[in-house]
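Both of the next two complexes hold chain A, though its partner changes from chain B to chain C.
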Partner chain A sequence: MKILILNGNPDPNNTLFEEYLADLTEEMHALDNEVRQIKLRDLNIRYCTGCWGCWVKTPGKCVFPDDSQEVCREYVHTDFVLMASPVKMGFTTALLKKTQDRLIRILHPYVDLVENECHHHRRYDEYPKNGLLLERPQNIDDEDIQIMKDMYSRFSLNFKTELTFFGLTAQDVKEVARAIDNI
Partner chain B sequence: MTHALLLVGSPRGKKSTSTSVGSYLLNILDKKGLETDTLWITRQLADDEKLSQMLNAVDHADIIILTAPLYDDCQPYIVIRTMEAIAAQRKNLGYKRFIPIINCAFQEPEHITAVAISIYHKFATTVGFKWAGSLAIGGGEMLQGKSGKTLDEIGKMARKVKKVLERIADALAADNSFPDESVRAVPDFLYKPFMKKVLAWMNKYDWKSRAKKNGGVVDARPYSQ
Partner chain C sequence: MRLTIFNGSPRGKSSNTKLLMDQFTNGFCESAVSEVETVYLNRTKELPEQVDLFKKTEHVILAFPLYTDAMPGLVKAFIEELEPFCGRSGNPSIGFVVQSGFPEPNHSRFVERYLEKLSRRLGCRYQGTVVRGGVEGIRIQPNWMTRKLFKNFYELGKKYNEEKGFDREVMRKLAPREQLSKGRLLFFRLLNKAGKGNFYWDMQLKQNKAYEKRFDKPYQSTD
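Let's turn to the complex of A and B:
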């Protein structure tokens, strides 16, 4: 399985998180997966201005050619995307959200009705399954975790897929690697 | 004097539905005798000095009204970034009233109420703001904020939204909270399943012709190879 890890940790000094993802990558390699980790903090990514240029001026591409192109290309050629982030203020980081916002170009502006609710139409035939891995600080409760699960389930629904994995970095790394491998 | 601060969280900046909705509410509060200020988050995130200026403005406000669009059923990046900055600073925030007013392009306010409002609520609780109510506006594109129009300029189409904003202004001016509410900017008859299908078809035609005008193929798949 081809796996893409979007590392949304903005702080290089958070070594525990970085080491966990390095170990996870190694474990998933050992299970015969092709894994690529993108450290979002190392990329030059602007925020989405909602100009809709990616729908009407350069369809499928953003009018601002930055490193988000690489993320989008990888995204549509992957079987599984693991969005990995420390939790800040009860939510995944702004860095990860900035990248997610820029994925809008891989959807159409057209509208589909899903259970009488409007959603964007797919631009590509297939989209990867999604997973969410969080570093949970002590002051986060189960309600916060549920909000994030709900959020990423909505994100997955919008991106024509489903949230198939949820994990915390407090879990054993081998266990997480096996769970993802079984998807 | 009670001081209301409007934070406009649209990445589009001044020409946005978030601006037109927020300005309408703030004008009423101004007429009711409140001191009012507006900051556009896009500008305030430009450098550390402006960010600090925004955080100081939050410190000095009694009421914080945040207007923002919905990106993927969630806050856009610039709003999350602002929430992180406010939470990191976290001083003098107790007892300030916080009101998120969120709009989405799709007709259904349920896109907003599904999770985004819970995230705002959690944020308010975390930093010590007092939750004073929220408003979810479905069909925000119909309000034509992108073209820089005010709610008064677009006539009947803004009627329902204006009514709710006037009610919210009354509550805030009287030092009250209001319930979490939602409103559809689109006329009710367009909300029926059959009409939604018609609109979806018209929407597809419209996007195709807009892309064609720019010489683009709306169905392009640039990352296929």
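Let's turn to the complex of A and C:
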């Protein structure tokens, strides 16, 4: 399986998180997966301006060419995307969220009814399954976790896929690698 | 009372969020004893001053469009800056306005739960979250189509000042049902069958001479 890790950790000094992802990559490699990690903090990704250029001017492409192009290209060519982030103020980081905003170009502006609810039409034939991996600080409770799970499930529904994995960096890395490998 | 509106739309002063909040402000300003100030979070260079305003004001409204089922990235960046104020005494009360392009309020209910929890995390009195769907396109709609919506936001602002919070009845009027009604579902299906369901986007695609390219998959090839 082809796996893309979107590393949403903005802080290079958070070595625990970085080491966890490095170990996870190694474990998933050992299980015969092709793994690529993108460290979002090293890329030049601006905020989405909401101009809809990617829908009505240059369909499928953003009118601001920056490193988000690379993220989008990798995203549509992978089987599984693991969105990995420390939790800040009860949610994934702004670094990860701004990157998600820039993925909107891989959907189509047209609207379809999905179980009687409006959702975007697909632009690509296939979309990768999604996973969410969080580093949980002490001030985060189960309610916070549930809110994030539910919000990311909605993201996946709109991105023509499902949230098929959820994990915390407190879990054994081998166990997480096996769980992802079994998807 | 002193109210500060944080407009979290990436489009800033040309946003649909501003169109709605302008109506709110007009209603709010009917009573002369109150002060209201609006700042635009898309002016990211002003973030330190904006955070400072949060510290000093009495009441806050954070208004934003739903972006990929959550707050836009720049709103999350603002929220992260508020971390030092968690549990501080003297925090403002806080309310939220979430608007979406999708017509159903249901899309915004998930981030609403986050926002309610955020108020608790900050230790701010929670005023509630006003949810409104179907907002994309209001800029080009004729007056008769937006009259009711704008009137409701005006009322919301007027009553906010009187009641120090969002009026529940106006909130209900802005989100009368969570999902599309059977009638609207039928209308939507008929419109789609007639090939007119996406006229708003087709019109813009044609204006930009991009209509023929609308199904392009620029990242499909691996080279």
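Please note the rule applied: the second predicted complex is superposed on the first by the 183 of 183 C-alpha atoms of A that agree within 3 Å, B and C clash if a C-alpha of one lies under 4 Å from a C-alpha of the other, contacts with A are read in each partner's own complex, and residues count from 1 in each chain.
One rule holds for everything that comes next: a residue touches a chain if its C-beta (ideal position, glycine included) is under 8 Å from a C-beta of that chain, and two chains touch if they have at least 3 such contacts.
Source: prediction; values computed, not measured.
Asks: Which term applies to chain B and chain C once both are placed on chain A by superposition, clash or fit?
Replies: clash
Asks: Can A:166 be said to touch chain B (first), chain C (second), both, or neither?
Replies: neither
Asks: Go through the superposed model and pick first if A:60 touches only chain B, second if only chain C, both, or neither.
Replies: both
Asks: In the overlay, answer first, second, both or neither for which of chain B and chain C A:111 touches.
Replies: In the superposition, A:111 contacts both chain B and chain C.
Asks: On chain A, what residues does chain B touch that chain C touches as well?
Replies: 47-51, 55-61, 72-73, 76-77, 88-91, 93-94, 97-98, 100-101, 104, 106, 108-111, 113, 116-119, 123-124, 143-144, 147, 150-151, 154-155, 158-159
Asks: Quick check: in the complex, which residue numbers of chain C touch chain A?
Replies: Contact set of chain C toward chain A: 9-11, 15, 42, 44, 65, 67-74, 76-77, 79-80, 82-83, 102-104, 106-107, 110-111, 113-114, 117-118, 121, 179-180, 185, 188-189, 197-198, 201, 204-205, 207-208, 210, 213-220, 222.
Asks: Can you tell me which positions in chain A touch chain B when the two form their complex?
Replies: Going by the criterion above, the answer is residues 47-51, 55-61, 72-73, 76-77, 88-91, 93-94, 97-98, 100-101, 104, 106, 108-113, 116-119, 121, 123-124, 143-144, 147, 150-151, 154-155, 158-159.
Asks: Once bound in the complex, which stretches of chain B touch chain A?
Replies: Against chain A, chain B makes touches at 10-12, 16, 69, 71-78, 80-81, 83-84, 87, 106-108, 110-111, 114-115, 118-119, 122-123, 126-127, 193, 196-197, 199-200, 203-204, 207, 210-211, 213-214, 216-224.
Asks: Which stretch or stretches of chain A touch chain C in the complex?
Replies: 47-52, 55-61, 72-73, 75-77, 88-95, 97-101, 103-104, 106, 108-111, 113, 116-119, 123-124, 139, 143-144, 147-148, 150-151, 154-155, 158-159
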